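Below are the structure tokens for one structure; questions will follow.
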Amino acid sequence: MRKLFRIRTKIDIKLYNALALGVFLLVLILWTMLSEGGSISQIFLPSPKSVLTYLIHVFGSGQIWPDIGISAYRIFMGFVIAAVIGIPLGILAGTFNFAEALIQPLTEFIRYMPVPAFVPLIMVWFGIDESAKIALIFLGTLFQLIPMVADNVRAVPEDLLSAAYTLGAKRITVIMKVIIPAIAPRTMDTLRIMIGWAWTYLIVAELVAANSGLGYNILKAQRYLKTDAIFGGILIIGCLGLLTDRLFALANRKLFPWAEGGK
Amino acid sequence: MKKIIGLLLTLTLVISLGGCGSAPPASSSASSSKKITIGTSPYPAWYVWYIAKEENLFQKYDLNVDLVYFPVYSDSLQAFNTGKLDMLNIAACDMIAPYNQGVKFKAVMINDNSNGADGLVANTKYKSINDLKGQNVVTEYGTIEHFFLLKALESAGMKETDIKYTNMTVNDSGTAMLAGKVSAACVWEPSLSLALGSKDNHLLYSSANTPGLIPDLLIASDDLINKDRKDVTNLTNVYLDALEFYNQNPAKAVADMAKQADVSVDVMKQMMAGSKLFSVKDNISAMTEKQDSYKYLPYTLNDTAKFLQSVKMIDKIPSKPEDMLDTSFMQEISKTRKDFTPPDTKALAQK
Amino acid sequence: MFGRKKKVQTRSDAVIEAHVANSKIVVSNLRKAYVTKRMETVAIADVSIEILDNEFVSIVGPSGCGKSTLLRILAGLDEATGGTAILDDKLIDDPGADRGMVFQTYTLFPWLTVEENIHFGLKIRKIPKKQADEIVDRYLEIIKLKPFRKSYPKELSGGMQQRVAIARALANSPKVLLMDEPFGALDSQTKSEMQLLMRQIWQVDKPTVVFITHDIEEAVFLSTRVYVMSGQPSVIKANIPIYLSYRRSLELKDTTEFIEYRHKITALLHDKEANADVES
């Protein structure tokens, strides 16, 4: 029993899993009790059963897949463009102090502007088609990515660069052959975190002006007070987010087995 | 440790104050007991409430009223359907879905019929509704305006699948039309005038083409009605008082409304022209005199429900649409109050 | 200074002949000062040393005396504020492959295997593959890590990583090998093993080595000469040639001669006077 409370001591894996599962079950039971008990109307809290029915219906009929597809496409595009632009800028800012002066103060400033507030502006600039949603995700993720990549670069131990110099490497080689490989696993992790944010911004975009996608689905459900569909939609997004998160984590382990703290 | 607690307390205080501050602006009157919340959003007939607010007409009945303003119409629907408001200004069509879902309310008064206040605006390169085939058309999903769009399409023999429909709030739709980002939008005032403000846009279809199709109502939750009939009656009287004030002093009335809508007096006058305001007699006639035309509210409701079902916006048609109405309040008022003709907003706009 | 021929006699069996045409490294009146706010902190006041070809020179001194800074200036990673450092008649400014370095922290590139790490400098110099492979093989053999050639640094112990670091530096054929307390982070057992290995490696090619340590025993064991630095603001206190047998094993540490050198240098280190150039 005492072992449970020892700091940083691992407990038996079976116990761990049992506890985690237990929490989920507890939530499920509470949820069922509250909704079936009738004290809260179905509009506020749909029963787990109705949410499950909804999920079975939309997956069974296959009607949810185009929405999942389009939402995933939007995130992918916005994310890739942000990565392609943001990672090099981050590397520059982390490597050269003058680049940092040019890039980071502005980035930090924009970073604190609330992305949802940009939505009406984006609609005026881009209209209402895919480019608008991709632009929103791009905006939301780029200005977070740049400082994080720059920090990753600065975290590369000075001695590693010194060692490269004493082996005859010149600046370009140091950037290409030392800094970039060194930051690879950390940057992959940064990307994993960013994908989580990308999902949030996607939903904001789809709530405001869309005719397809998971966010749009939720909006429609909201208009018809179909809270089981709203819950279901949120669950789907949550699971998809978790899935992308785990995929990135897996890719990190597989691509960079040499990294410290990995397998 | 003390520092941390102190910091947390300060933070909590700041957040809760901020939360209080961000509550929608109240329009309270006199002292009185419990507060009654009325939800309104941008639409001509509903700006009349702000005449009452500016001219302190709530005081007469010692009412403690909170006029909750929702810039986005759908948000006001959400709020009422989830029990956050006592009363709501709503388009008749949008009563049906919540009624089916079991939300408990009654329509107590008809504000107006939309007579040009709703419209399908399009870029001038589209000369007719048929030209919109395959084009981007926006409006608020699942609301009266969505319904109106489908009716407009129907009038040209088209279906929603013939165009590229995208959801957007009416406010955003107006802006999008001004920015030329969409081909067409279905909006109501004030967004309608806003969109038509650009010479690149013109009106393709108007509620003036469909008189009686779009009645707008004041509804009250069953809770409020059961708790306090008197307040409901009094509030209805306040609205009528505001209309009488409008008759007597149109300039001031329009100014009061323009202030809330944040538009010029002239624009407000033009906007009001699209709203055919109802008198007490009009109310009773529309709610009780059975006939097979849009002049009879339950007929309109039934017809609307049939259409909504055909486009799969609702699952079932209410068997007795009259049950959504409570005519008792207007009946009572007709006995205690001298009727009057409401302002002829079209004529006033011509002046 | 230049062109001095020197034949050095030792007291023990082996004779070391220093092949000296020119001195390899000449440091003249080197000074390093830091200016902070209104104060000037002088780390290195005035250091002049001369390192000949094929020498193994250790520099010992109290903590913070600037010996690491001196090494970094030689490596071109730091800049002196006064004086000069010259290698083979060329002024030292930028780092380069001619001055290989081994650091106290393990600086192996974690994303490269052991053999790829050793390859690194060769790749930059575009050495042809066959030749490079031979060099890598040879050094893997010398550091006795051939079975680990495809391992990643994270799979190696500290001692093993340092061996690879040494191999990586030496494989690149530098003119001088600079070593900054390379065994400082190791436990005493591993440290002794590494010292022996280092001596053996040196005995093969006799590269010119400048070695920083605060472990006097280590300095005496490995070196042909030991410089003693004073504390800040530092100068060279003493310059002690080590006349011990050429082939050294760990038992040497117990011999009288060894212990004498150790005592002498320890005394010099703790002596407050700044005596320059005491020849024994």
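Each chain carries a letter (A, B and C) given by its place in the written order, and its residues are counted from 1.
Methods note: contacts are C-beta pairs under 8 Å (C-beta built on N, C-alpha and C of every residue); 3 or more make two chains touch, one makes a residue touch a chain.
Small disclaimer: the values here were computed from a predicted structure and weren't measured.
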item	value
Relative to subunit B, chain with the most remote C-alpha centre	C
Chain occupying the middle, per Cα centroid	A
Subunit A-subunit C separation of Cα centroids, rounded to whole Å	49
CA centroid of subunit B to CA centroid of subunit C, Å	86
Between subunit A and subunit B, centroid-to-centroid distance (C-alpha), Å	39
Sequence positions of subunit A contacting 2 or more other chains	none
Where subunit B touches two or more other chains, by residue	none
For subunit C, residues that touch 2 or more chains besides their own	none
Parts of subunit C lying in touch with subunit A, wherever the complex brings them together	75-77, 94-97, 99-101, 103, 105, 107, 109-112, 120-121, 124-125, 152-154, 165, 168-169, 172, 174, 178
Of subunit A, residues touching subunit C in the complex	157, 159-160, 162-169, 173, 178, 181-182, 184, 256-260
Contact set on subunit A toward subunit B in their complex	41, 43-44, 120, 123-124, 126-129, 208-211, 216, 219-220, 222-225
Sites on subunit B touched by subunit A in the complex	74, 77-78, 81-82, 97-98, 101-103, 136, 138, 141-143, 164-169, 172, 175-176, 179, 181-182, 313-314
